[in-house]
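Have a look at the structure below before the remarks.
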Amino acid sequence: MIDFEHVTKVYETKNDENVALEDINLHIEDGEFVFVLGHSGAGKSTFLKLMLLEEKCTEGTVTINGQDITHLKRRKVPYMRRQMGMVFQDFRLIPTMTAYENVAFAMRVTNIPTKQIQKRVPYVLGLVGLGDKMDRVPEELSGGEQQRVALARALAHSPKLIIADEPTGNIDPEMSFEMMELLSAINSVGVTVVVVTHAHELVHRFNKRVVTIDHGRIVSDTAEPYRETGYATAGAE
Amino acid sequence: MHFSSFTYLVRQGLHSLRANKMMTFASMGVLTVCMVLIGVAFLLGVNIDAMVAYMGEQNETVVYLASDLSEEQIAAADAAIRAMPEVVSVTYVSPAEVLQFYSDKLVDSVNLMKAFENDNPFEANYRVVLRDVSQMAAVSEKLRQVEGVTKVLAPLELSNTFVSIQRVVNIACYGLVAVLAIVSMVVVSNTIRITVFARRKEIGIMKLVGATNGFIRFPFFVEGVTSGLIAAAVASGAVCGGYYLVTLWYTENPTTISRLFGGSLVPLQSVWYYVVLGFVALGFVLCGIGTATSIRKHLDV
Amino acid sequence: MIDFEHVTKVYETKNDENVALEDINLHIEDGEFVFVLGHSGAGKSTFLKLMLLEEKCTEGTVTINGQDITHLKRRKVPYMRRQMGMVFQDFRLIPTMTAYENVAFAMRVTNIPTKQIQKRVPYVLGLVGLGDKMDRVPEELSGGEQQRVALARALAHSPKLIIADEPTGNIDPEMSFEMMELLSAINSVGVTVVVVTHAHELVHRFNKRVVTIDHGRIVSDTAEPYRETGYATAGAE
Amino acid sequence: MHFSSFTYLVRQGLHSLRANKMMTFASMGVLTVCMVLIGVAFLLGVNIDAMVAYMGEQNETVVYLASDLSEEQIAAADAAIRAMPEVVSVTYVSPAEVLQFYSDKLVDSVNLMKAFENDNPFEANYRVVLRDVSQMAAVSEKLRQVEGVTKVLAPLELSNTFVSIQRVVNIACYGLVAVLAIVSMVVVSNTIRITVFARRKEIGIMKLVGATNGFIRFPFFVEGVTSGLIAAAVASGAVCGGYYLVTLWYTENPTTISRLFGGSLVPLQSVWYYVVLGFVALGFVLCGIGTATSIRKHLDV
């Protein structure tokens, strides 16, 4: 259960203030699958970063599983994060670790026993089609392969909530579809999934809830199955 | 912490030591050089100290006995002086020897020997060497109390000068070691700060994936300690090996000055453990704790 | 004019050898607009990197404007690169420079007079819709905004050849279309453009030559306007 | 290079100095500390040198004249001795003064004054002080050639010892400075290597965008030189300021030992330019060239 109440995020840069999100109110139930759409710079990534506490909101409160994360004690933050799996827009793989180690690290953090890790890591890397590239460091992988490692890392420790920031931006349509189906399958066993994407044809196919952000505000939200809105299809066709 | 986590984190630390080869190497180089510098300063200090101490051992207090003592009285005084724990050696000098000494000294000017041939005016005396020059004032007072002693000529001014020279040398040498240690700390901790800074993104990622601060810090600590210990090993090898060669050379090539200071350096056997232990401690403290603390500010993610 | 003759690229990793491109033969005329499609890990980025000499090919020769760049003297490489503008898949913006400075740097390199730079940089940043974010460092920009800065940098010095590696992966469809139109417009004044993309709907719209790479080999090439091939539409629908 | 490029690159260098504040600061700190260390070693060396030289000035060669010379002959000899350029001062000591000296010395043992009251056996002599102790052998030979001189007593062994002590001190002090300079080079160049390594991606991007090696290197050079010069300024201020305070304190708190060495340190006025120039040169060479060369291996893109 995710709750945004009157959330505003203002970035302060050297020269100006930048309102990335303004008065966001949103409720996501456990087990939902939500697409987040929006123009470049609309505030989608900021929206996700607030859930992970990578950024702190300027105003309002974010509640996850009944826990007000905006006022969380510093040393409780890691435990909160472990309940989530995040695919970052810029991947954020650790450059000195192989694909295997990157995924294993996220599991290690949650004190999963070694035996289980050794079984699970090849499995999830296999799921994203990288079973044969586990021992490569990120630099030795193609863009799409790195992105899939990031996806595998987000899944590996079986989190209750998966947050993915354009997880298919560097992947071909065929494989994007597969990845989205993977997320959908995970969702079907009760995991909440929030996906930012620009791939509108995928959104079309997957008939899920769509939240559209524009200039820092939620301009449309379909709790019902996906309906074509004016914006959402503007560039897709 | 689970045991499997522990071994994982240790392996993690060792792994990133290899993965960041260039950085490890460069910062280990800095540390090694600092250690070698400290080691050399320390050995220099130890030797200068030993030399000064050697010179201190050349002290001589002259004790005159009354000329009208009986043989028993002389024996008693003799025994009393020799019994003092502060005294290293006592030499009896007869009046004839004193005369000989001065006439040798003035051989170019006058013939003292001839002048005093039959009537030696010099008195017999004891040349007393003290273990510790700084006790000279106290000991000469004690000597004065011995029955039969008429006069004690202690080179007190010399001993004072000597003691303050010793203090200066001591302060200078160990001060130098301390200063170099502090300098090393600044240099090494700055170096570590740079290497950690260069890896701040990595640290940020770990945090975002849900790692606790301890979980991130521990491998860095292991990495730091390991490179610190490697640096200590290299520096120990270099310093001890080098010092051994220097001692050999020094003994085999005596010079006027080196003879003045006893002719040999402090042997490696009696100092190597200070060097090694110091380096290990330094490597452990500087690198281990330095690394662990300098990542702190990057942990606020 | 770009010529690939029997080009093979093998990456050597710690554990294995990895044939990224195998016996590639391709000819691109001056002023052409070429889309490069392919699965994730097919070798598209490698193909582009060979043109920029970021990687050296293992076998074969690459000729650009009649110059055999595989045997170019080291100190001539920069001059060769200046004739191109590259949009990297991972953007590669200099993190300590603002958007303005990043673009200006690429122009400085080519000894363009300061006056001209001061006029041109705001212009190209305006073209990609970032006229108001010139003084932000990359970290303060959204993913799509960073990508557009990278695009602006590639255009700024008016190169003869533009190479773009998934330049719209992080941009919404609407703006992706605008960016592609921008490239198309630049192409129409004689600049050669090579674009790797996963956005098949854009490829559909722009009716250009399409080269498809699969497992390191060119599996289809349409010198004619875009035809639907089995692969190219597999995931696009 | 165009002029606009030049100014651009200089500005670029200064800009990245600020943009990489943390790294600049850390590596500048390392350099400053190394410089201060070198500066302190240098000033120590200069002073020990001065002290040893001061002690060398206390040398004394004794020249005896034949006792049967006429007044003219004595005057001629006197003039000849005083005319020697190596000689700093000449003191005539009459036979009576010599007797007085020895009788004072032996006052506790014998009354020499009384023994030789009427028949003074000592000869008159000249106490000659040389400018440079190392010339003692040569000068005493020259003194021996002077007409009327019967004997020259030069403390040759002492002078030899002194000269070798001087050499050892010289080697030790300037050797220390040299060693510290080398250590600094290793440390600073390693630090620079790390900072450059942390920015290798930036360098790679620049290359891919078509920058020539020189174009990339120049701002790094500017950055390095600037931080080198800032470090030099800070270190100069610290060392010269600190030294000034030390000289003041030293003169105001005389001790037995300090009086032994002349009572005052080498004044700041006569050394500051060595320090400042040395630091500037070091900062320039180490940072500027160090940076420019250590980026080389990252330029192969």
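Order as written gives the chain letters A, B, C and D; numbering starts at 1 within each chain.
Throughout what follows, a contact is a pair of C-beta atoms (placed from the backbone, for glycine too) under 8 Å apart; a residue touches a chain by one contact, two chains touch by 3 or more.
Everything numeric in this text was worked out from a predicted model, so none of it was measured.
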**Prompt:** In terms of CA centroid distance, which chain is the most far removed from chain B?
**Reply:** C
**Request:** Express in whole angstrom the distance between the two chain centres, defined as the mean CA positions of chain B and chain C.
**Result:** 67
**Message:** With centres defined as the mean C-alpha position, give me the chain A-chain C separation in Å.
**Reply:** 28
**Prompt:** Cα centroid separation between chain C and chain D, in whole Å?
**Reply:** 63
**Fill in**
Residues in chain A with touches to at least two other chains are numbered none
**Request:** Enumerate the residues of chain D that touch no fewer than two other chains.
**Result:** none
**Asked** With chains as vertices joined when they touch, what's the shape: line, ring, star, complete or other?
**Response** ring
**Asked** Where do chains touch, given as pairs?
**Response** A-B, A-C, B-D, C-D
**Asked** Along chain B, where are the residues that touch chain D in the complex?
**Response** 22-23, 26-27, 29-30, 33-34, 37, 40, 98, 102, 106, 108-111, 115-116, 121-123, 151, 153, 160-161, 164-165, 168, 179-180, 183, 186-187, 190-191, 193-195, 197-198, 255-257, 260
**Complete:** Note: in the complex, chain A contacts chain C through residues 11, 13-15, 18, 37-41, 45, 89-90, 135-136, 140-145, 147-148, 165-166, 169-177, 198, 200-201, 205, 234-237
**Asked** So in the complex, which bits of chain B are touching chain A?
**Response** 2, 4-5, 8, 15-16, 19-20, 201-202, 205-213, 215, 301
**Fill in**
chain D partner, complex, touching residues on chain C are 52, 54, 75, 78-79, 81-82, 84, 86, 88, 92-97, 105-106, 108-111, 113-114, 153
